[in-house]
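In structure tokens below, several structures.
Both of the next two complexes hold subunit A, though its partner changes from subunit B to subunit C.
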Partner chain A sequence: MAAIKKTSSRMTSQRVLTANSALTRRLGVAIASLPAYHNAQADAPPAFSEIGIRYSHYDEDALPESNLIFGSRNRYDIDVTQLWFETPVGGSWSVAMDLQNDSMSGASPWFVGTNLDGQPGVIMSGASIHDNRVEVGVTTRYFWADGNAGFNVSQSKEDDYEARSVSFDVAWNSDDNSRTWTASASSSNDTVQPVKENIPVFIDREDIDTQSTYFGVSQILSSTAIARIGLGYTISKGYLSDPYKLNDSRPDRHERFTLSGGYRHYFIEQRGALQVDYRYYHDDWGTNSHTAELAWHQEIKQHSLKPYIRYYRQSRADFFQSIADVSQPFFADDYRLSAYDATTIGLHGFYQLDDWRFEAQVERYTTSATGSISSFDKAPALVDFWRGTVGITWRFD
Partner chain B sequence: MKRYFLAVLVTTLSAGCSSIEPVAAWERGYLAKDAMQWEAFPREGRFAGHVYTSKEASSGGSKAAGGGCGCN
Partner chain C sequence: MGGPARLLFQPPNHKNDSRMILRRVLEMLDELESRYSRYIASSLISQINKHSGTGIYTPIDEETRGLFYFCDQLHHESDGLFDPTAGILNRAWDFKRDETPNQADIENLLPNVGWSHVHIDDRGISLTRPDSQLDLGGIVKEYAADKVVKVLREMRVTRGLIELAGDIATLGSKSDELPWRVGISDPNSSPQAVMTVDLTGACLATSGSYQRFIEKNGQRYSHFLNPKTGQPAEGTFSVSVIANTCLMAGSIATIACLKGASDASSWLESSGLPWLMMNDGGLSGPIATHQEKIPPKEAPQQSGPNLQ
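Showing the complex of A and B:
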């Protein structure tokens, strides 16, 4: 099936299958089993082995001078390298290994105080922080006639944080392969052990346990349209405050719900697809958010170019204030818990040359405090950033 | 809240999917294209999700969540 997918993805609109074509007679039965998958996974292991590398640079804008009270204006820069290898094993299995390295440097907000004008201002963490995160993951997947199931083990380790997680996912198709049900579950055990260098921290070692589930269904609507909908639930227990922030005390339990949907529509004349995704999020800390993404995937011969826009809007957590009220049981001045909008504009493209695929991407993320809220609730440390990636993938027998 | 979400899902599916005509075998070529996948580049999707999750209060929406990070 993977070989068929590769063949069909290279077809031009002039060569699309018709009921009477010779190619249809050869491939029809196999293509009929193309499932309405959540991901691009067919009911057979990949026909090729694949090895790839991606390099990304993430660069946060400096904090505006007017929002700074003390410390460095420079925020995080992160260099990210991703390596992976995926290969079929026998007739029914595949295995994938992923390695990611993040090299971080910069300063982050320590707490929010009042400047000489009586407005909230940020005290940064002082000297630049350097950290390195390494994540290793192994995924095995079993394929059968009507679906597939995957099992993943991963570990992430940095100087002050370690996460170990396992996850399981399964997808199965309706009899006519026009509908695919998916379910997944994961469990993570994290340990935070803050580094005591630039700023005082008040814990030595704490744990966080997280369990998460997702259930969804995708449905083929026509020969050029497909849709999906899904529900997610995640619960975390343990130390959920940020140890590097002076005024941060959060509940030790966090429940999160998501309702998400997506739609893809292929336009034959234009040789491109409209991609629409939406997510509603709600948690028991009082935050609600809406995320909408709109993209146009334009095919250019065997290459592609995809401009996209993402809009995100969240309400503040119940215990957030721009200057934390430490007399309350729970309090935080972390900008990530404030009310704000964020807009992302990006461009992603790839160039296919035989068995090699060259990939490049750039995006700009900008934030603004939600207009209807008072200045008292506006976080002065909202972050804007650039993100760019280049990558190469090689497929071989 | 969980019951509310479940009710929305079941209602939408039962109302929306019951009247859809099956798509024949020879009509599924376009659906196999990269452009029609939910995530044609899984590593890009994973990385982008990690960035957004570390800078926003929200997370999840397409699969079960994995481990966290000490991201500031």
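Showing the complex of A and C:
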């Protein structure tokens, strides 16, 4: 071996170490699970910039012929395009920007009446609507050794609805990094100004104010298991009815509570993880719901595949009836306030190629009415849908 | 740990803290060695190896489970080249004598080599083949260096350096003005340093076949053995890597040596970490290209408690 000239390298370790790769990120996750590193991993902004784009197509099934009284059976199609960008700024900050465009077309239920057989049936809203919604959000985040905090501002606009919101979130880690506490608060001010076209609407312009807060904790149970629990509270005030539904009069105040939990267990030999999530929801309109999701995350070399199934069960709002009783102070025939079950089956995959990540997801969502003793409690407009998503993310220094 | 060790640190307060800190570090290193050394009959690794092929599961704690999880990740990221069951191939390759083994000896050992023979579940760990043996020597030394840093941090030390047989982990900087300046050895004239690097809370690990190899008929055979073929990786060279943890740096460097001379560079590039390769062709890698024409102002630290 030839003699090697003696030199000096002034490579600064910390500056260079921020330029890590997909390989070291994956190995870093495995290292972080070891107890020796639990208090060595300080919170830090991402070591790279990231830009991504995602496209989703949402397609509602046509209304069954037997449930239709008048109008088109075809329901909503929605195309969603998302673009995001995130980059570290200095040694302690990051900035992210999100841009989303929703393009909607189709018809929705206008009200529920009685068909010739005396059964509830749907009168649709008439000619197909076309609407476009654009949402922009900016988040700035500050990192310190034991946690991070973020501040978000976003605004969305469509023909008949404008929303403005701000939110703040914080996460902080215990001394041994085995526990993370999270909290968030948000406030939004929305304005609804319905478009008067195919169906009559009875308001010109109304406002809605919403505040919400969340508090949660996650705990590393072992090198292969983590659990979390969280509490959420949301209150909305203002015009909360649906202006495009003929028979819809809701209270001007709505309080919601959620209790959620999750568990993740990694199986070394199988290189996969079991994911279990549950959420309980309760509001002051009388609705309670349960959501349970089971998923299996399978690593395949540096790629992954996740099949999942989600079950949702909801009780009806106090003032819901499949054919609204307009003599009451509050009434609604909106299927989203009825009692129903929903099952979602999906598959989500990621393919990693160097610093590029490709994703694809497909979901099938089906509903059925529950808890009813007569057909007049069943919402005839319950919807089933397909949703497909593809996306690309690029990470770079 | 099978090699020289060196510990430098600035005690937080009273001078008695130094003795207490040193004692804690030595206790931790002894405990790691007693658990993971295959040369100690009562170690956890020896217990696992003793039960190979019997169907008996040896219970393991969370730390050991985490280490095996990391081994599993390294095994897959290296396309099977990193394999803690490959140690038995050293029965055929004796690097203390300049003799190459018979191919038949290697082929007799290969069926007992394979990460798929290692089963881990809630009961613990089991080796399915009677002659399979586990050896965590590829990662335990680097993990030990990181644990020393953890102990120092817990004892409120803010500046320290631990070196275990050439792998270095640092805590903070040497002083407010100076980082830790460490040397990377010349394979031809170790411990002569060919290059120095500045570390602040970072780690440097080196792997190489320049000290253990067989030379026959002008051909050098590295001690990094391919677990699939039982043959040595091509070329003899040294790789040094800098990372936030010694475990990461050492793992990347070891797998580079397993990849062989022709594939090591692309593997090191994919890590995105600073690296240096030394071979007959000279120096290559980001550490080499960042060199400045400045003569070293001071030699790497020589004083401090010697743990050997």
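Definition applied: the second predicted complex is superposed on the first by the 352 of 397 C-alpha atoms of A that agree within 3 Å, B and C clash if a C-alpha of one lies under 4 Å from a C-alpha of the other, contacts with A are read in each partner's own complex, and residues count from 1 in each chain.
Throughout what follows, contacts are C-beta pairs under 8 Å (C-beta built on N, C-alpha and C of every residue); 3 or more make two chains touch, one makes a residue touch a chain.
No experiment lies behind these values; they were computed from the predicted model shown.
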Next on the checklist: Applying the document's definition of touch, where does A:71 land relative to subunit B and subunit C: first, second, both, or neither?
Outcome noted: neither
Checklist entry - In the superposed arrangement, does A:234 touch subunit B (first), subunit C (second), both or neither? => result first
Checklist entry - When both complexes are superposed, which of subunit B and subunit C contacts more residues belonging to subunit A? => result B
Next on the checklist: With both complexes overlaid on chain A, does A:337 touch subunit B (first), subunit C (second), both or neither?
Outcome noted: first
Checklist entry - Touch check for A:283: first (subunit B), second (subunit C), both, or neither? => result first
Checklist entry - Does subunit B (first) or subunit C (second) touch A:380, or do both, or does neither? => result neither
Checklist entry - Touching A:301, do we find subunit B (first), subunit C (second), both, or neither? => result second
Checklist entry - So, does A:268 touch the first partner subunit B, the second partner subunit C, both, or neither? => result both
Next on the checklist: Is A:222 touching anything from subunit B or subunit C once the two structures are fitted on A? First, second, both or neither.
Outcome noted: both
Checklist outcome for this item: Shared subunit A footprint, subunit B vs subunit C, residue numbers 4-5, 8-9, 11, 16-17, 19, 21, 24, 28, 31, 34, 36-37, 39-40, 222-224, 266, 268
Checklist entry - Can you list the subunit C residues touching subunit A in their complex? => result 62-63, 65-70, 72-74, 76-77, 119-121, 143, 146-147, 149-150, 153, 179, 186-188, 192-202, 210, 242-245, 247-248, 251-252, 270-274, 278-280, 282-283, 286-288, 290-292, 294-296
Item to check | subunit B residues touching subunit A - in the complex, by the definition given at the top | outcome: 1-2, 5-6, 8-9, 12-13, 16-17, 20-44, 47-48, 51-52, 55-70, 72
Next on the checklist: Can you tell me which positions in subunit A touch subunit C when the two form their complex?
Outcome noted: 1-14, 16-17, 19-21, 23-24, 26-28, 30-31, 33-37, 39-40, 222-224, 266-269, 271, 301-302, 354
Checklist outcome for this item: Seen from subunit A, its contact residues with subunit B in the complex are 4-5, 8-9, 11, 16-19, 21, 24, 28-29, 31-32, 34, 36-40, 52, 54, 56, 58, 76, 80, 82, 84, 98, 100, 108, 129, 131, 133, 154-156, 158, 160-161, 163-165, 167, 169, 176, 178-179, 184-186, 188-190, 192, 208, 210, 212-215, 217-224, 226-234, 242, 244, 256-260, 262, 264, 266, 268, 272-273, 275, 279, 281-283, 285, 287, 289, 291, 297, 299, 304, 312, 314, 317, 336-337, 342, 348, 350, 359, 361, 365, 383, 385, 387, 389, 391
